[in-house]
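You will see two complexes here that share subunit A, one where it goes with subunit B and one where it goes with subunit C.
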Partner chain A sequence: MNEYVIQIEGLHVRYGKYEALGGVDLNVPKGSIFGFIGRNGAGKTTTIKTLLGLLTPRAGSCRMLGLDVQKQPLEVRKRVGYMAEDQQMYGWMTVDEIIRWVGSFYPAWDSTFVSHLREVLQLDLKQRVKNLSKGQNSKLALLLALGHRPQLVILDDPTLGLDPIARKEFLRYVISLLQNEGVTVFFSSHLLYEIEPVADYIAILDKGRIIKADKTIDLRESVRKLIIEPNNTCDWRQIQGLLDVAVDDGTRHAAITVEDCTPEKKVNIQTMGKLIREVPLNLDEIFEAYVIGNRGERKPL
Partner chain B sequence: MLFLRIEPSSAVPIYRQIMEQIRDQIISGQLTIGQQMPSVRQLAEELAVNQNTVLKVYGELCREGLLKMERGSGTFIADVSSARRADECEQIVARILGQAVEKARNMNIGIETMEELLRKEYQKRTGEPR
Partner chain C sequence: MSPTKALFWKEWRQMQWRWIFSLAMCCTIVFVGLKTRVLPDQMIILFSFGISAFLIPLFIAMGLVAEEREQDSLRMQLGLPVTARQIYVVKMAIGTLAVAIPAVVCSIIALLMAGNREKTSVDIIRIYGFAVPFGIVFMLWTVVFSMKRKTQWAAALTGMVILAVWVFLIICEDVFLLEVGEVHWDLSLIITPFGFLEAGLDKGHWLATSIVQSILAMILFWWGMRRFSMLTRSGR
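Entry: the complex of A and B
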């Protein structure tokens, strides 16, 4: 059915004794915009660096565009665009110089496309890199990642530190310059509201594991918070896909957050108590439920 | 210009936010029959949202008969009968009133008071005598 341009299987990465990735599995469909979200320290950058062959995994495999990233790192780099988190570039170079310099590494560098990009991104060739604003800096990094016309682009937290206007502008370029061309975009962020409008798919990484990967719209529509008046026999652990439960001390009402909230599941939950109302959640709340939700192991608050 | 507004932190998915705003504008007559919509690409760039989201919105509104996609030339506002428009406008208002009723019930406000409040609000906003 789908062709995957990134395939990660059972990926384990350690820094000394610290296990940064504890078995990551992930498939990224061709042509999609894929949002990779997680808290700081969840392992997003580690995953990306391993994908690019910059870190050696203890176990597991990564393929990009069908190529094994450990065995064919150069082939991979020729076909993939990469923008590092907070990318550092030689400050003393001018925009023109750095474009030529980076271009010289790539046989497939497309100068015509690059001048088009430079115009769209409104970068001044004569400016020194160290004098660029944060926003211009990330536009330059994007240009350098795209100059060789990659089929797959990996952006590690590309909007980090940008103001809201520059962020929106940057995302607009992702749509107009990449999605339009059929390029697959894999980008990490910890800003959920930023991911939602642009991502076809979302994967949530937490403590070195993928805890959820789904189409954005399905993730959004399938997680629900139900407020119920629980009866005495109700046992939270009986609820399949329970993400979070909290009980109000005063009213004794329980707020339960469940994934894949199908009508059948709702019927099942109503055997445990009277349904008072159903509350749709925003993406931040969904993320929170997945990452720090109380699954009924603890006594509900 | 469509003047669409996306609220990123809302619990309403983005495609529905866009769809409902366009639908409102069609059935209230702000967008006129036969008027051309921006292309999927244009609207996606303007709103900085995924093109598939806009495609989904256009697709659903076409299925509802509010938009019409014409191969090669673009997407247009469909010919919606005034009866249907009036009917859908009423449905939208009814839904909002429904929420108000829920709130009123929670606060033990009865129907008589609600009617009174509705008249006052209407008058305040239109300047029309009740």
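Entry: the complex of A and C
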């Protein structure tokens, strides 16, 4: 049995002359909650669309649940639950109609489970989709994505457009539901505080490339911010795995963010200045360091 | 419900208001016009024929792809285990029905109310009979060439440009005249679907129009399917 439900190798996707993905490699372990993060336009949705066989890559391969996405896109879509970002559904259908309509495309549609889910999510069968609130719309999209009991659920920015409270409630519900079902969740978002408490693994996508993929706990442990008082002769570029440097011209203290912050690396850094303190980072700060870190150019704190 | 039935159901329901509106408008004109006889039968029939052949296909074409692109609802359908080709074929099938139904119903009403009154029943059948293939071809051209348009109005504009080009070709009739023996063939009436409307044409001319238009329609349908698949896979 394959331990990865998603395997991506050297994926390149272009929109005309614009290269949206420039060689993405990614493995998603079975049963995990995998956070796929990146800024707007980083290529998250493009990756997901390619995974579902909705886009043709220029090069590279994708396998989902052991199936080649390009050769068997329909089989893949039958087994995967997909909730698109800001999903526009057919407003003229009633909730009941859209549930029955979507269900007819899936041989494994579980009507009993869907009825249960609909009651829990408090969706009125007679209401027209166009009259649903944003929150109810997201709940309906989630129900439609889960109705066939998929082994893998892909959520593409599922809380886009929801207010903070609705977002929290939605995520709490989704994660508790899916964790109990033992489903693998591939969860894309640019809101890191959404992903941080729930994801087992994180991949950071920037400008069409994966710049970091690791277990969330390891990522938090390995990336550190060190506040040091630097020597006059120090050269930041000599630090391996340097992500960001910020120098306070007033105190002359430098805050340097490094990945894989091992004791040896700390000793090496201490040759460049006096270590004042070590600060753990949250995912937001880690993401910022990876994506917009200056890699050795001075900037004020 | 099977996936194919589900696709048909969705398209039919989505287009329902369009074809019901078209049907109601066309039938009302025929019924009221022929009942009150405010105008000669010929005028009423030609007027409803114009609506069936030109306006309704344009109206239906606007709703097939452009409406979904405008509302961004195609993404949802493509996320389901169904191919873009299946979606396209069903859309065109429903479009064809939606174009044909008003013309057929109008012809029945006209036959019942005014058959052999001022015009013969055969003439009435012929007029509406010509509206159906013309309308279907016009709808097909509009859908295929407006595939990349993101609003319904842009799609309608594309349809009107197509119609204008056809009319221009007809106006340039002399350029397209071909003499085969003693018969004068107007090629503009063969390469445009206006040949369907030329009741005065000889059978050979009408047959040539039908064959050329059928081949063009098949090529266009296939090209449209490719364009639709590429459009949905381009991510734009």
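Methods note: the second predicted complex is superposed on the first by the 294 of 301 C-alpha atoms of A that agree within 3 Å, B and C clash if a C-alpha of one lies under 4 Å from a C-alpha of the other, contacts with A are read in each partner's own complex, and residues count from 1 in each chain.
Keep this in mind: a residue touches a chain if its C-beta (ideal position, glycine included) is under 8 Å from a C-beta of that chain, and two chains touch if they have at least 3 such contacts.
Remember, predicted model here, so these are calculated numbers, not experimental data.
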Overlaying the two complexes on subunit A, which is it for subunit B and subunit C: clash or fit? fit
Considering only touches as defined above, state whether A:M89 meets subunit B (first), subunit C (second), both or neither. second
Of the partners subunit B and subunit C, which touch A:Y193 in the superposed model: first, second, both, neither? first
Of the two partner chains, subunit B (first) and subunit C (second), which one does A:Y106 touch, if any: first, second, both, or neither? second
Contacts for A:N180 in the overlay, against subunit B (first) and subunit C (second): which applies, first, second, both or neither? first
Which superposed partner A:L171 touches (first subunit B, second subunit C, both, neither): first
So, does A:E221 touch the first partner subunit B, the second partner subunit C, both, or neither? first
After the superposition, what is the least C-alpha distance between subunit B and subunit C in whole angstrom? 27
Considering each complex separately, which residues of subunit A are in contact with subunit B in the first and with subunit C in the second? none
Touching subunit B in the complex: which residues of subunit A? 33, 168-169, 171-172, 175-176, 179-180, 193-194, 196-200, 217, 220-221, 279-282, 284-285
Can you check the complex and tell me which residues of subunit C touch subunit A? 1-3, 5-6, 9-10, 13-14, 71-73, 75-76, 78-83, 232-236
Where on subunit A does subunit C make contact in their complex? 13, 15, 20, 46, 49, 52, 54-56, 73-75, 77-78, 82, 84, 87-93, 100-102, 104-106
Applying the document's contact rule, which stretches of subunit B touch subunit A when the two form their complex? 6, 8-15, 41, 44-45, 47-53, 56
